[in-house]
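Okay, handing you the structure first.
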Amino acid sequence: MADVITYREAVAEGIAREMRRDPAVVCLGEDIGAAGGVFKTTVGLHKEFGPERVWDTPISEQAIVGAAMGAAMTGMRPIAEIMFSDFLACCWDYLANEIPKVRYMTGGQVTVPLVVRTANGGGLGFGAQHSQATENWAFTVPGLKIAAPATPADVIGMMAAAVRSDDPVVFFEHKGLLATKGVPPPPDHVVELGRAAVVREGADVTLVALASMVPVALTAAERLAEEHIDAEVIDLRCLVPLDTRTVLGSLAKTSRLVTVEENPYQGGWGATLVSVVADEGFGLLDAPVRRVAAACVPLPFADALEEQVIPTVDKVEASVRDLTSY
Amino acid sequence: MADVITYREAVAEGIAREMRRDPAVVCLGEDIGAAGGVFKTTVGLHKEFGPERVWDTPISEQAIVGAAMGAAMTGMRPIAEIMFSDFLACCWDYLANEIPKVRYMTGGQVTVPLVVRTANGGGLGFGAQHSQATENWAFTVPGLKIAAPATPADVIGMMAAAVRSDDPVVFFEHKGLLATKGVPPPPDHVVELGRAAVVREGADVTLVALASMVPVALTAAERLAEEHIDAEVIDLRCLVPLDTRTVLGSLAKTSRLVTVEENPYQGGWGATLVSVVADEGFGLLDAPVRRVAAACVPLPFADALEEQVIPTVDKVEASVRDLTSY
Amino acid sequence: MTNAAQLLALYEQMAMIRRTEKAAHDLFMSGLVKGTTHLASGQEAIAVGASAALRDDDYVFATYRGHHHALARGATPEECLAELMSRATGLCKAKGGSMHLTKASSNMLGSYAIVGAHLPMAVGAAWSARLRGTGQIAVAFFGDGATNIGAFHEALNLAAVWKLPVLFVCENNLYMEYTPIADVTAVANPAADRAPAYGIPGEIVDGNDVVLVQEAVSRLADRARAGDGPSLLEAQTYRHFGHSRADPASYRPAEEVERWLKHDPLDVARGRLAELGVPAEAATEADERAGSLVQQAVEAAKNAPAPDPREALTDVWADGGAAWRT
Amino acid sequence: MTNAAQLLALYEQMAMIRRTEKAAHDLFMSGLVKGTTHLASGQEAIAVGASAALRDDDYVFATYRGHHHALARGATPEECLAELMSRATGLCKAKGGSMHLTKASSNMLGSYAIVGAHLPMAVGAAWSARLRGTGQIAVAFFGDGATNIGAFHEALNLAAVWKLPVLFVCENNLYMEYTPIADVTAVANPAADRAPAYGIPGEIVDGNDVVLVQEAVSRLADRARAGDGPSLLEAQTYRHFGHSRADPASYRPAEEVERWLKHDPLDVARGRLAELGVPAEAATEADERAGSLVQQAVEAAKNAPAPDPREALTDVWADGGAAWRT
């Protein structure tokens, strides 16, 4: 194994480790096989595991996820790819009404151990229909676990946990992180779903971020340190289970909260986190709670416009500075 | 016009008023024509306006909403019915990726004046796939106006505003309110979208509710009054535009906020409202903010289970009582 | 060909289904069944004939109009009626209701209430069966209305491309809810006429003749098991009741209703029994056995306990719980 | 039949599109075009031939691979290239990018990047045209891959049932992204072989022969305008570049590429011009005019200003703004 691995390679590696371990793990999706995936996140799988276990499908998002569901109900552990997370809208019935509900509505008779992987997020000039951070869509639906790793090691560890989970997991791979690098984790590395990571300790303010917003928050924290503002940065890693305990624990120390979210402000995941804090952590707060989230507009194409919409290091910095002077 | 009108009749009346006024208004959906709608909310329209303006469609949610979009782009003002709001998931691409984005991504070239009407909400024992309050799904997508009236008069007034709006509106008709009655509003009654209504004035705590939760909040307020807790009740009426001004204005008086939401706690609309308040209204708050929302589970079938999940008067009462003693 | 003893057994099964649904209807009218029901009375021969042609471990997926399939695949009248009556002893612990009857222990993998959603699931189950080499097939039963929804198209294409062992059985009862399928479908036989678009066989069968259904399904199941791929069977039938609940179905011409009532699947089977030389008393005795079984089931369900309210918060996750946060 | 002068004009249009796309490719490679592009080089005859057969006020809906349609319907190379280069003068003010070219002023109503989504829109535009009695028709252009998605099925059925004046034109270029359509489709001609499932004509045409395309579209457009309903045209073609961006398309057999390059639509048209007695120089002059037009367009676009950052927050609503709350 190389000393460094990209996030992109980590996806294929994470899947391959599970496919080697368990013959019930199978993949399906558009262009994932011979072509190795549009984002090259499934390179090598088709060759190693063959076309029956790595299935190139037509452009049929409903059939892809619906078939994954049927396979999961009958003894397999499918990993379905939806190429861009925006296209989850094309099979939303499965994510909203079928997969998360079938266990409950049958009184526990049916188990759906599947993973829906998808390339998420903006910042690449792909425009309004190929750039959204849609983990908050999934967050409106009880019954889905939601993973969104920020590092190659977490990609592998959380993929292992997702595939082994008997519950359905929606797995968001961030397009903006695909080229980032990290140390490859040891064999059988598993990162339990629902455990946030404190990726920078600090005393003055808690920044809570997810996926591509983690490096944004970290960079902002480094810059703020020069102004003697000591930010703690939490990488949530999952939205469900949501690790509110770690966040509340951090606030006991810092008394100030800023969420950093790529999704639009309206309906964003940070809102739910803030509402937990404004209830159970109200006594801990010394200042207003702030959400740095995307503007409530579709994603524009031009770089110069896109960066007006999505949170940037500058915006996080300004927000924190403002808050710590409250 | 009769002295009382049901919420159900108000839907048909609201549509008929607009169809009489403007020949560009047309309806399409499943069983809306000859049958008068599965919920009898389109009774009389087919007879009065004929099959070309009141179109019975196949079971093709994508085609229904997609065709409405195409018609709206070319000079019509379509009103599309999606029978149960859960089925919005079957045409989610149109709600999430097409309708709200086309104006923006064409640089303002295209206008989409349409209404998507749908029967929303639970409490009727229809089970997990026919009972959801899904206005929070729409709330994750910038570019949709979201209306959810609580009274017959508002149904008519907000329908008028929705049909006349040059922006797309998702119009949630609550199944649990269909049989409720009210005074029919005068001709040309229009309720501007984005104006909340203070439906009960009070000094101690602000309850913010929507649709079927408005009567729940009002009943809770009446009961609390017996304990000398004076609750103000706000009917939001719309999620977009969200009338945060009215809420913050109320909090300036009460200093305490409880949201009453039918959707699950995770990803619910109240979270966004709370996050605005926890930021801009932090200084107004004397107590934690509380959200009475549905449990994070699919909706169960049995009445006895369903009422465990959805907010009830008792739960609202308990929550407010708890908060006012903070 | 079915022999007399076999046919008598099929007749008794149909009689049992007929009486169970009659009981469901009466219980609904007397307020003991809440929510909604969609009775399949008149369509029993499809479930019973198909079931007789399948292996016990084949997978079955049905719709909200699925009582007959649950019962034909081993659910007892008591567990079905208990479910409808919101009892703890219900098939789905009173969490599913009439629309979601499921008997996973006999691979009847559920009843789905979003039109068309289960067709891709059946494709996935068939894929899974092939991957596991079990020789099982999967069958999806659906209505005529489902042939116009996108998931139908995606499922059939995917199954055909991969030559999966799956049978698509359309129960064409001429109506969707209240609208005739002929009014909204571009071809005369909504299912069979579409088979060529997927390069698969499309057959039409008299869905009210249990013997013909059994023969057709046997043949197509053999084909699927032999690796020759999916097929589409359109079973022509008629429902005796309205679409759901108390619908009087007054949108159907009297002459049409009469004609179909004369072609009742129970009568057709009785005629065949007579041809095979079975005395009329044998069928009458079967009716009586079915009647008393159902009578006992009604009593038992009436006396069964209501669900424990705490059940509302179980069965979301495979660990049995519903926790979405730490 | 097209006369020589007309054909020369079509040739020049194709030459202009070819050069505009070559410029787009070069600008992408040199970093001046961000995000992604999907070039239609090789498919020009479809856009140009169809356009020549349509009325100026007919509606056109295209895909992310839509440069040729925008240009054939009146967008200038300059406004297209300016859009791709993120300039304020772009067709969509740099908010759409390559995938969303739209020229609403000439009823080219957009390019959509969710496969299949625009087919129902075209159905709606056709319905609108009939309701308004304008005699317009609507045309949806889409790829072979789109024939396997649910929206295709729903749109065709709806259009057929209502006999709407809409044309579905499939540009079958043999590939989806990297996967051959033949590998994932149940029939040989993914569009034409499906027409019988909707009871409409399905024709196949050489999509690289502008005259044949024009004739076929004329005929089907006349039919639609006469009230005889929709039809499906499958134009066989090939793309000269890869799927998008810098894709070298190495998944395509060299022999196949070579064969199709020999059947270049520009060459085919030149051959036809020669047959009509037009001297070769006339075509060469047309090439030169096209070349210099595009050269000027590139310069103008390069010199155009970047968008005002404040544009990021306009054009969500019809009032020009983006406010989602009070």
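Per-chain residue numbering starts at 1, and chain names A, B, C and D are given in the order in which the chains are listed.
What we mean here is this: a contact is a pair of C-beta atoms (placed from the backbone, for glycine too) under 8 Å apart; a residue touches a chain by one contact, two chains touch by 3 or more.
Predicted, not measured: the structure shown is a model, and the values here were computed from it.
J.: So which has more C-beta pairs touching, A-D or B-D?
T.: Looking at B-D and A-D side by side, B-D shows more C-beta contacts.
J.: Matching B-C on over half of contact pairs, by residue number: which of B-D, A-C or A-D?
T.: Overlap exceeds half of the contact pairs only for A-D.
J.: Taking the mean of the C-alpha atoms as each chain's centre, how many Å separate subunit A from subunit C?
T.: The computed centroid separation for subunit A versus subunit C comes out at 39 Å.
J.: Distance from the CA centroid of subunit A to that of subunit D, rounded to the nearest Å?
T.: 35
J.: Taking the mean of the C-alpha atoms as each chain's centre, how many Å separate subunit C from subunit D?
T.: Going by mean C-alpha positions, subunit C sits 45 Å from subunit D.
J.: Indicate the residues of subunit B shared as contacts by at least two other chains.
T.: Residue numbers touching two or more other chains: 57-58, 60-62, 86-87, 89-90, 93, 97, 100, 104-105, 127-129, 142-143, 240, 242, 266, 295-298, 300-301.
J.: What are the residue numbers in subunit C that touch two or more other chains?
T.: 92, 94-96, 100, 112, 114, 148-151, 154, 157, 161, 183-185, 316, 322, 324-325
J.: Would you pull the subunit C residues touching subunit A in the complex into a rising list?
T.: These residues of subunit C touch subunit A: 59, 61, 90-96, 100, 102-105, 109-110, 112, 114, 117-129, 131-132, 138, 150-151, 154-155, 157-158, 161-162, 314-320, 322-326.
J.: Show which residues of subunit A lie in contact with subunit B when the two form their complex.
T.: 86-87, 89-90, 92-93, 95-97, 100-101, 104-105, 127-129, 136-137, 139-143, 240, 242, 263-272, 274-275, 277-280, 282-283, 285, 287-291, 295-298, 300-301
J.: Help me check something: in the complex, which residues belonging to subunit A touch subunit C?
T.: Listed in rising order, the residues of subunit A that touch subunit C are 26, 52-53, 55, 57-58, 60-76, 78, 93-94, 97-98, 100, 102-111, 113, 142-143, 165-167, 194, 240-246, 276.
J.: Note which residues of subunit D are touching subunit A in the complex, please.
T.: Per the stated touch rule, the residues are 34-36, 83, 86, 92, 94-97, 99-100, 112-116, 145-146, 148-150, 176-179, 183-185, 251, 306-307, 309-313, 316, 322, 324-325.
J.: Can you list the residues on subunit A that touch subunit D in the complex?
T.: Listed in rising order, the residues are 30-31, 33-35, 38, 56-62, 86-87, 89-90, 124-130, 266, 295-298, 300-306, 308-309.
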